[in-house]
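Two complexes, one shared chain (chain A), two partners (chain B, chain C).
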Partner chain A sequence: MNHQRILAVAKREWREIYRDRLFLSLAFVFPITMMLAFAYGLSLDVEDIPIAVLDQDRSELSREYIHRFTDSRYFNFLGYLNHPDEIDELLTTQRIRAAIVIPDHFQSNLQEGRPAPVQHLLDGTFTTRARTTKGYMIAITRAFEKDVVIDFLSQRLGVSPQQVTEQLAPIKVQVRYLYNQAVESSQSLPPRLIVLVLLVASPFLTVVGIVREKENGSIYNMYASNTSREEYLIGKLMPYASIAAINALLLWAIAVWVFQAPFKGSAVLFISATLLYVLCTTVIGLVISVFVRTQVAGVLITAILTIVGGMLYSGVLTPVSMLSEDNQLVCHLLPAMYYTEIVDGVFLRNVGLTVLWPNLLVLAAYTVLLLIVGYAKFTKRPKT
Partner chain B sequence: MTFHLWLHRLRVMTRKELLHLGRDTALLLFIIYGFTIDVYMAGAGFPFELRNAPFVLLDNDRSEFSRELAGNFQPPLFQLVADVTVPEMSQNLLDRGKALAELEIPPDFYESLRTGRQTEVRMNISATDNVPALLFTSYAEQIISNYGFETVGMHHSGLSESGITTLPVVDDQLRIWFNANLEDSWFMALVELFTIISILSIMLPAAAFVREKEKGTIEQLRVSPLSPVLIIVPKILSMTMVIIGGTFVSIFFVIQPLFDMPLSGNMPLFFLVTAFYVFSTAGIGIAAASIVRTQGQVAMLVILLIMPMLLLSGSWTPPEAMPDIIRICIIALPLYHYFEAGLGIIFRDAGLGQIWPSVLGLSIIGALAFQFGLWRVQR
Partner chain C sequence: MSNTIVQVENFGKKYKRLSVIDNVSLSVGKGEIHGLIGPDGSGKSSLLKAIAGVLDFDQGVIRVFGINVNSEKAAEKIKGRIGFMPQGLGQNLYAELSVEENIDFFAQLRRVPQKVLETRKARLLEMTRLEQFKGRSMKHLSGGMKQKLGLVCSLIHHPELVILDEPTTGVDPVSRRDFWVILSQLLEEFGITAVVSTAYMDEASRFHRVSLMYNGKLFAQGRPEEIRALASGSVVIVRALPQAEAFTTLKARYPQVQPIGHHLRVFVRDKEPGPAEEIIRNSLSDVQLEECYSLEPELEDVFVALLAGRNGHNSTGPGITVRKTREIKAGEGSDPAIWAKDLVQDFGAFRAVDRLSFEVPQGEIFGLLGANGAGKTTAIKMLAGILPPSSGDGRVAGIDMRKAVQSIKSRVGYMSQAFSLYEDLTALENLRLYGGIYGLSGGLLKERIAETLALTDLQEHGSELTQGLPMGVRQRLALACALLHRPSILFLDEPTSGVDPLGRRRFWEILFHLSREKGVTILVTTHYMNEAEHCDHLVLMYAGCSVADATPAEMKRALQEEAGDLLELTVDRPMPVLELLASNGFGDAAIFGNCVHLLTHSIDETISGVRLLLESNGLPLHKARKIPLSMEDVFVYRVTALEQHTSEGQLA
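Take a look at the complex of A and B:
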């Protein structure tokens, strides 16, 4: 390997990027815009669910029951309804996601110790959110019910409510959330977006850089020159990996300073993991480029692989533990998940190399493997 | 120019585009992959439920009751990964992400329950992912409170002797609309299909257009007797045909048979809206392509347009959960309208009467983008 030739290739590539001002600025504008838009606009919390109530009982107890929902941060109470048909209309037009119908005799049933029916209606379109909403509604209802039952029993049995509580609910549960006390995605999402944005942004640069030469034919200069394959590939990758590394730094700064993400772990660990990941994502582009002939194909394949991989199989938006076994396997076969764990580790969990070394190892092995594939498939003697 | 001639030219140019696409094997294979395997995997692999949630048990009591309670945490929801004796060990497992939660049972658990005193179970839950954390909490609380009530509370409260036969419970009947069994596969497969449609419809025409610019073959078209419309429309038309074909295969040969999705909605209307969406999105692609010179530039520009569209159009966060500014901005995203209309037709049996605002939105976006592209080509 000749360092001079590598540098020459890198310099030539850099000059080409630098002179294409639009491309150069987009290479930086893209990640920053994405980070800002998603960290601000995306929320994985199920909160402020728009809800409406049809209260046919209009009693003290029914109002108290409704209050449990309106006081909760999970629901956004949009008002009382007058007619059942309104629910139909509001759910279909998606102005509400949930509704409660409280029929007549709600209060009298409960006061006389009989079960009182209520109806919960839910928009099931967003299945994950609907499931969580269902959980909230059940939890609020059980809490209300518990208080009603305790009141009732303490009156009937003539003992203090305190005593009944101890008898009926003998086990209290104390929950403590670790790493993200408020259980809000605004804490965990901005750092994780670094994973997603880098995964999509970096490979494009390499794909365009290499396939452009293949399509225009300028790569024949290289085929005919004494530059070896490894010198050419390393030289080509250098400017793109550097751009991606600068982007990683910018994304980190946005996550920490603009979105106040906590950074608890070791900076050295994070930087080395990020450099590995940046290299890995850039090399993904290299591998795609050796398999395609046209930029259209290269760009499209990169888009589908990285966007789908980033959204579904990286653990950024979809917790890996909740996927089917097949898809968990897919996650483990792709590099992004390992970096997501590192990001979680240094940002939220405050764990170090002792825990995260296998992830670093996988990222390194992945990068080397991809480099080998790219190198083996890249030939100076094209068939056509 | 006669209409017949115009039609002939349109046909020839569309055929040219289709041939171009058909000869790019790698591209073709990927389009097929996107509409079939990729959609299938998204539908099959994302049932968002707690599954074998790993938890650590720190049982300080080691009694009959504590074992019984822990025994209620069973697969498929829960999975005991370790039965530890010191908190450091469970902390370690939580830190390493090997466990989602720790269940800590106090030393006087048995004694308290036996003598009718209240006791407290502690849970430490890792909340790096909030959905599993909250689901774990809600399932675990249900299990613990049921255990407390049925196994212990019932025997001590004196209910059986008091002659009380019914309790004032709230009998909440749940009715879920539009997807009664909460089949994640329907939603996820459709969202994935919409993603593939979007990526293809913005990228294919844009790339095809810039390629002609970069190679200079657009000059050939400019001097030919083709109007700007006849240069742009065939590119969009050919890709629309491919995408509609792919969507058809995806819905009728993948999603419907493999996930048993009932297609009760007006499917011709769905395909019409899809064609409309592809046309508008392709218009945006062409508009982007008309202001750049190279394929590298168009790739970056298009990806800049597509990513917010995919993530902010409502598939990951519904509009009502977004900040107001973003909620206003997303009206400019065609996928937002397609999402409303497409899911409306399939899930809510909506007709043109309900989805017309979305169709109007799509038309305005498409018309603006198209006009811009035409104006740039004419120059």
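Take a look at the complex of A and C:
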């Protein structure tokens, strides 16, 4: 191996990237845009659900019930309705996502111990959002119900409401969310997006860089000279791995400064794990480019593999433990999940090398394996 | 056999069971320039890549420097000693890098020591006259300059063998000549052996030995003159009135008849020039014969004759029988079919077409000639109503192009330079699609399709997928698509690039038929100078301007008056002869294989003068004779003069 040849290849590649302003800006603009778009656009929290109420009872209790919703940060109360037909129209035009109908005699029914029907209407288009909304509404209703019952009993028995509460609900649940006290996805999502963005962006550049040489024929300069496979591949990967590393740094800065994600762990651990991951994703591009002949094919295959892999099997958007067993197996076979664990651990939990060393080992093994595949399949004397 | 550099035995290569080249053998000796000549798809690239050790192959043995190149490991052993330039204009160079950075990169790959590099680079840049462009980005070089840079890059490590795949394809005639001179100089100076492929038959004389390829098979092999001798005969040029009748008469007896402008060109096999002329005169007793003379056959004539013999039938197909007589009379009667006045096209600060004016009478075949980037395509696009001109006027079929673009489009057919067919459709489906685009449907569409299929002789290919068709057939299909709406004017932008000689002849026969019988006006651009001779009238473009506007014969006559006749000297070593001639005042001499061409006003005096000069310097002169001027000579002379004028202007 001759380091001058490697440097010659790397320098030439860098010059070409640097002078091709479109390619250069894409190399940095694309990952940053993707990060911002996902972080802003992909909030997994359900809040500010627009809601309207048709109150046919217009009683003290019905108003109090509605107050429970208007006071909540989960609902955005848009006002009272006058006619049942309005609900349909508002739901269809998606100006509200939920509606409550309180019929006549709501208050008298409650006070006299009869069942008091209330209708909740929900937009079921997005199932997860609808289910979450339903959960909120039921929880609010149950709390209201409990208070009504407590009031009723304390009046009847002549004891204080506290006493009734203690009798009625003896279990006191204390919840504390660890690592993400506010349970906001803006805390945990942006750091994880680094995993996804690097997984998609770094192989893209490598694939385009190598396959365009195949397409226009300049790869024959390598084939027809004594430049060895490893000299070419190393020289070729260097600029792309460097760009990916710079991107990792930029993404980290965005996560911490723009999205205020906490960074609690060791910077050294994060940097070394990230470099390993960057190398691994760049080499994924190399392996893809060995098997394709045109840039279009290369870009499509890269997009499918990395976006599907990154969205479904990386643990970035859905926790791995929530997936089916088969899918969990797929996660374990792909590298992204291991880096996601490192990112979660370092950003939110200050977990150290003692816990994360197997993940680093897997990433390293993965990189070496892909390098071997790419090297073995790259030939200077192809069949076509 | 230490003198054999390349030895190929029974080479064959398949791509997914499709055999592209089969059973080819050749050997190349030290110092030889070996030519692989054949049309697109004849298997030249596969063979060259296999020799360079960059393509795995199925059959046969290839030895380079005595090493059997049968594995990647074995191929590594030869790579330090070879240079390889793949096909495509500047495709193996790096667009964003400057000329010098490109050279330096190749030198670093080849591990040329810095000191050696500096001297070599200086010498190569000087010889290729690229010095002043050292700092320019590769992407801003002209086609010819890109190829010269490619050559420098493949020679920077002084290889013993250099393999060049179609280095002159897509390069204009001036740059092509220049390229060949530089290549032969470099190879001689450094003692390099070369294997070079080309699709241009007329480049055969550039090689010591050639292998003629066709359809993946070796067709003929040997020195150019040996191959020429395989099908002996003479070419007779006649001008007879009426031309169409004469054509029909001759076509019935001779398979190789081509209409060339107002002349007919006939290849008469196995006959000396005298008897050949006699025979043709006799067979044309029914028509009025105005002119009749003979020429030596070109390699292309031989190739077509050999091919005909091999295929066992009339090589140019059923041909087109011309029934009616319709002679065009330029400048008479009705309005011109195309009229352009001071057409200008600016792209930003760049003026692609500069005050272009010309007239094309109805039914004429009109050629636009020019180097790459001279503005031919832009001119055609403006006239076809695709690109609005920045200024100037034009009338096409009597319609003002500025006012009624839509009605122009219904009267013209346009065949673009880029391939305009859908490859996944069959020939018929393509025709139906284009028919639909022109608003034809139902019975009318059927009728028109049948008509154009017959006209372009494509009936047997109707249901075949376009991607599987040979280049020549595809181009005929593209022409058929442009003819569906029966346009009275056809615009053809380089319709025959990449097509083999047979295919090109057939294509031109159709054009001749369209022009002479149907009265269709045809405006065509071409890179093949021998095709320019087919045109009735030519405009030569340079830097967006028209610099000559005349018939081919007039252009040749003008050159003869200005620069003299063409003298061909056959010698052993053309390079020192050229240098000697140059230092004695024959500056515009050019090398063609073992011959040197020069222009002179006094043939006999020059011959004796040159003979004396060469013999006193120990360089034998085997043969010296006057040969007819070709359109390529005209083109090269005019454009070279303009280029010199321009660069002098820049210096001043």
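To be clear about the criterion, the second predicted complex is superposed on the first by the 381 of 384 C-alpha atoms of A that agree within 3 Å, B and C clash if a C-alpha of one lies under 4 Å from a C-alpha of the other, contacts with A are read in each partner's own complex, and residues count from 1 in each chain.
Simple rule for what comes next: a contact is a pair of C-beta atoms (placed from the backbone, for glycine too) under 8 Å apart; a residue touches a chain by one contact, two chains touch by 3 or more.
As the structure is a computational prediction, the values presented were derived from the model and not from experiment.
Asks: For the combined arrangement obtained by superposing on chain A, do chain B and chain C clash, or do they fit?
Replies: Superposition check on chain A flags a clash between chain B and chain C.
Asks: Report for A:246: first if it touches chain B alone, second if chain C alone, otherwise both or neither.
Replies: neither
Asks: Where does A:110 make contact in the superposed view: on chain B (first), on chain C (second), on both, or on neither?
Replies: Touch partner of A:110: chain B, not chain C.
Asks: Can A:379 be said to touch chain B (first), chain C (second), both, or neither?
Replies: Touch partner of A:379: chain C, not chain B.
Asks: Who does A:344 touch here: chain B (first), chain C (second), both, or neither?
Replies: first
Asks: Is A:20 touching the first partner chain B, the second partner chain C, both, or neither of them?
Replies: both
Asks: Between chain C and chain B, which one touches more residues of chain A when both complexes sit on the common chain A?
Replies: B
Asks: For A:78, is the partner it touches chain B (first), chain C (second), both, or none of the two (neither)?
Replies: After superposition on chain A, A:78 lies in contact with neither partner.
Asks: Under the stated touch criterion, which partner chain does A:271 make contact with: chain B (first), chain C (second), both, or neither?
Replies: After superposing on A, A:271 lies clear of both chain B and chain C.
Asks: According to the stated criteria, A:353 is in contact with first (chain B), second (chain C), both, or neither; which is it?
Replies: neither
Asks: Touch test for A:8: chain B only (first), chain C only (second), both, or neither?
Replies: Only chain C is touched by A:8; chain B is not.
Asks: Shared contact residues on chain A, chain B side and chain C side combined as an intersection?
Replies: 20
Asks: For the complex, which residues does chain A have touching chain C?
Replies: Residues 2, 4-5, 8-9, 12, 15-16, 19-20, 216-218, 220-227, 379-384.
Asks: Can you check the complex and tell me which residues of chain C touch chain A?
Replies: Interface residues on chain C, with respect to chain A: 15, 49, 52-56, 71-72, 75-76, 79-80, 82-84, 86-88, 91-97, 101, 105-106, 108-111, 137.
Asks: Residues of chain B touching chain A in their complex?
Replies: Listed in rising order, the residues are 24, 26-27, 30, 33-34, 38, 41-42, 44-51, 53-54, 69, 94-97, 100, 112-113, 116-135, 137-138, 140-142, 144-145, 147-149, 152-153, 156-159, 162, 164, 166-180, 182-184, 186-188, 192, 195-196, 199-200, 203-204, 207-208, 211, 292-297, 299-304, 306-308, 310-312, 316-318, 320-323, 326, 340, 343, 347-348, 350, 354.
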